[in-house]
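The same chain A turns up in both complexes below, where it pairs with chain B and then with chain C.
Coming up: the complex of A and B.
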């Protein structure tokens, strides 16, 4: 790791710098400039918002933001001279970028709740889609089959990905063989496999060859490809936190290495392992492309892992999004809200479990 | 990690004279650990095997032409427009996401109060967890109308710049909207890496630069950004890899056309390899077209693999802990 040293020639010479007096209290001039810089653009924008017909987003980005930038620049020019200008630009754009991301996130979650709420009802969560056409009113039909399908697919994916992912982590932190850097590199590269490629892989190896039809198992295997790297990397991080004293202690008592891992290390990292599994599930639960290719779709509740196509929440949303029926679209929003709630629950669970154990 | 620590960890690792049960354990674990390699190799081999006959029938024009005429005899197909379209979307996404993520992480590390910063970290992680199909749904119904207005304004006032030309009057299904959606996917990925890298700027250096009278910009320019450069570039590439492979969110907002949209980013119609696969799979005409899609998937895989490998090499070299 190279630390770049400061090149004195790139800094302004001492003669140009005015002495700074950070211990001095803020001058009235400083306070006045800051207040003016904040208030004036807001007033102008507010005035235009009331009187003109410019759309709000345009007003914010095309008028308020440049105005705020200019005002802050002038304010820092007045209080700190030329060197303050760059700072004020950085500060305004940093706040702007943060607000931009938050607005998008809030718009997403907000529209999800507002539009999805109408669809959510006990029957919507429990019924399936048999006898339901896109134009059927909202009271009938639901996503029960899709919820069960998603649960089945995720369960099958976990059956494959969790043991292998944890074994990979054990190899890296416990077995510590010679290939550790390579294994880590492969896992990292695997986490970049596009979801649609994972679906294509299962399609060409298992479905085209006739070993499986489009089914929950095929979908689960495609999901497992996406889940494995997340589980492996999180589990690795967690196992790393287990103190070596526990391992040496167990070995000193005459335990074999396998026993050390299964009786000491893994139990010590129990919550962390659960977190790894949860994060893996959260990573895959909304993936659509692999299921379109490998699991297909169905209107019925199907609990048989092989033999027939199965519905899932993402494919249900996918199939309802662009239909020209308002009720179908509302169903899509409802299913999306349900999916997002599942993701949020998993996300919160992972956070709560890892609190204190996995210092971030 | 210090050298002695590595040595100590090595000593803890399994020795050659292990217990018999341990040898079985070691072999099982080692075999499982290489499954990532097997999967990667499997994808390359199986999709590659489907690519060979396609390249035999289509020749290299599979990569350099843009027609998708499956029902002619012989069928002609090429994914140049899709490959190029993916790059256009990635560029649009980068132009939006990189400054936004960089500025946001600067805000979180150097400007925001601690509590606000940790709240923002949580929100960004939540944003990363949003499934792409939900993003696509939102983009289709909420973003599309807004983006349409924006693009009309861009076209109206900046239409003299070639990239903002639009002759059709149709502002939906444009690479700009699709790139914007990809940017929303990239922002949390890039921000979380950049934030982590910037927050590791040694406090000594930051304090020293402040003691020397550096303004915040000078500190960023000469201390924090050079210090985190490798990690930031790596994070951007990781986000880029995700953007190139994104399928569903793009599917809803991009009109796939088998033509090369060179630079008209607010003109309806563009391309994306990943989205091509899903959109054609729905109405697939037969085994030959499936083979074409598998071949397209192979090139998508290779493209994202290269980007990801480079990203990981950069990130690992800068000593970032595994996430």
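Coming up: the complex of A and C.
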């Protein structure tokens, strides 16, 4: 084997080299057809939107989308032949489906903000509902009692659901006992329990029997039923991600199973466990039915977990939104916006924490 | 840096000539056969490990070396479907007898794995001391233990100024030396090493081999390796494993390293140590 030496004079000069992206080079024909395929349907749809009386959603779905599909197909047929047709159909439908779901999500967010924004103010977040009637102006009264009530109920629910959920996950991934298939089956079934059933369960077993009255504790227990499967399944998944080498490594140092779990596996999965808890809270925080049944409602700020019904954001929204007073309805939207913001904060927190340096 | 490496080679060569280890048997395998589910992967292994000796297990992939080494400290049983026949005697007592706690066995017979596995939630120092916490072992003077074991593992000078950084921040070779230090901190009598250098560069490999020679004054070592020069450099005794197609692995030949590599009795051993198959 001998290596051939290239004549340096035939090589491009290094001094003239600039970073380039040759894979992005397009022929003018390609660029032209892409531009046409995007612009023509948009112009036609825009023209019809201005001049005809076709409702916008119908225009988008029945005219613009098929038009775009045909235009993209023709464009890819012209540039790449028949192989391009399937490609363009898939791309247009994928983009269409994405935009469709984004529009729904954003219009939901938008209507929350538009209708709820007026209600939001420091006093709205801090005051309670005592002496407030549905016709009271927006400057008075607020959701402070409901925020505290929701916080109290969620705290009590977490107190029950987090230890049991994590213990369940540990049983499934670490203990690996004989009942694992059954436990997983029940946890999965539990995640399908309708929330109203959880509320009814607490109502019939604890409240009707007289063990508890409608209270934060009863509401928290109903919430715990809904939170448990989310925590257990998410924690199970993050524990599965902990490499087995760490477990055998700990055992090879003369560790017991319990110490391996508590000192090596759980710390390694720490951020994932936090995510599991936050996802569990986000799952339940907006549920209304269990609280209507188990926690009741109140206008006062209640910090006692037992003994008296307590307000919460979902029940506050539920009670205000159907009232025939514009300010009450605005309050409901404001509370809904506040709830949405809390959930968004929780999810952001979960994302940030799960990006942590240690223990992915 | 480079002078230190040259020196270490000299040390290695000097120690190659040290007399054979004592003849007291510390660990002994008798007729060990191993199954995973219905599949027999190892058959009739008889082997004894003299106190403070280094034994290399060589052989092609899939011949049961790693499986065998994991039976020696009862890690084998953690794999679902695992089964075993025969006896493993540690200080004359079967480690699989009913009254033996596997936790005690694993404490006395430590292990270093192929892939470095420092605990990600712990610092370098925490990793070294983790064995004490995990096993509940009481030893005073933790600072001394950290320095001592990291020095023995050849890592001290590289990490002494950042003991509170995460163990996962170290390079692969450093992580491997870190887990060796971690294994040493619980003062095992036997150290099992499952291809400890397979993921390391030659310089780190040399450092670990040096560590092995040093350790063998106090600890009995069993090392699985695919690197035949490594077996020659570190091991007093060598065992050659081989599995014929669709058959369980067996020990084809064992004896002193000089004999296995210089004058093997079995033709297959001769072929293997000369790199003609496997």
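Simple rule for what comes next: the second predicted complex is superposed on the first by the 280 of 360 C-alpha atoms of A that agree within 3 Å, B and C clash if a C-alpha of one lies under 4 Å from a C-alpha of the other, contacts with A are read in each partner's own complex, and residues count from 1 in each chain.
One rule holds for everything that comes next: a contact is a pair of C-beta atoms (placed from the backbone, for glycine too) under 8 Å apart; a residue touches a chain by one contact, two chains touch by 3 or more.
What you see is a predicted model, and the numbers here were worked out from it, not measured in a lab.
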Legend entry - Touching partner for A:60 - first (chain B), second (chain C), both, neither: neither
Inset, instruction - Could you tell me if A:183 is touching chain B, chain C, both of them or neither one (first, second, both, neither)? - result: first
Inset, instruction - Check whether A:264 is in contact with chain B, with chain C, with both or with neither, and answer first, second, both or neither. - result: second
Inset, instruction - Return first, second, both or neither, reflecting whether A:248 touches chain B, chain C, both chains, or no partner chain. - result: both
Inset, instruction - Answer with first, second, both or neither: which of chain B and chain C does A:256 touch in the superposed model? - result: both
Legend entry - If touched residues of chain A are counted for chain B and for chain C, the larger one: B
Inset, instruction - Considering only touches as defined above, state whether A:286 meets chain B (first), chain C (second), both or neither. - result: first
Legend entry - chain B and chain C footprints on chain A, overlapping residues: 176, 247-248, 251, 256
Legend entry - chain B - residues contacting chain A, complex: 8-10, 12-14, 18-19, 21-22, 24-26, 28-30, 32-37, 39-40, 42-43, 46-47, 50, 99-104, 106-108, 111-112, 120-127, 129-138, 140-142, 146, 149-150, 153, 184, 187, 191, 202, 205, 209, 212-218, 220, 222-223, 226-227, 238, 241-242, 244-248, 252, 274, 277-278, 281-282, 290, 293-294, 297, 300-301, 304-305, 307-309, 311-312, 316, 318-319, 321-323
Inset, instruction - Using the touch definition up top, name the residues of chain C that touch chain A in the complex. - result: 73, 75, 78, 80, 103-104, 106-108, 110-111, 113, 115, 117, 119-122, 130-131, 133-137, 166, 168, 179, 182-183, 186
Legend entry - chain C-touching residues of chain A, taken from the complex the two chains share: 176, 243, 245-256, 259-260, 263-264, 267-268, 270, 357-359
Inset, instruction - Can you check the complex and tell me which residues of chain A touch chain B? - result: 1, 3-4, 6-7, 10-11, 17, 20, 55, 57-58, 62, 80, 83-84, 86-87, 89-91, 93-98, 100-102, 104-105, 107-108, 111-112, 115, 163-164, 167-168, 170-172, 174-177, 179, 182-198, 200-201, 203-205, 208, 225, 228-229, 232-233, 236-237, 244, 247-248, 251, 256-258, 261, 282, 285-289, 292-293, 314, 317-318, 321-322, 329, 332-333, 336, 339-340, 343-344, 347, 351, 360
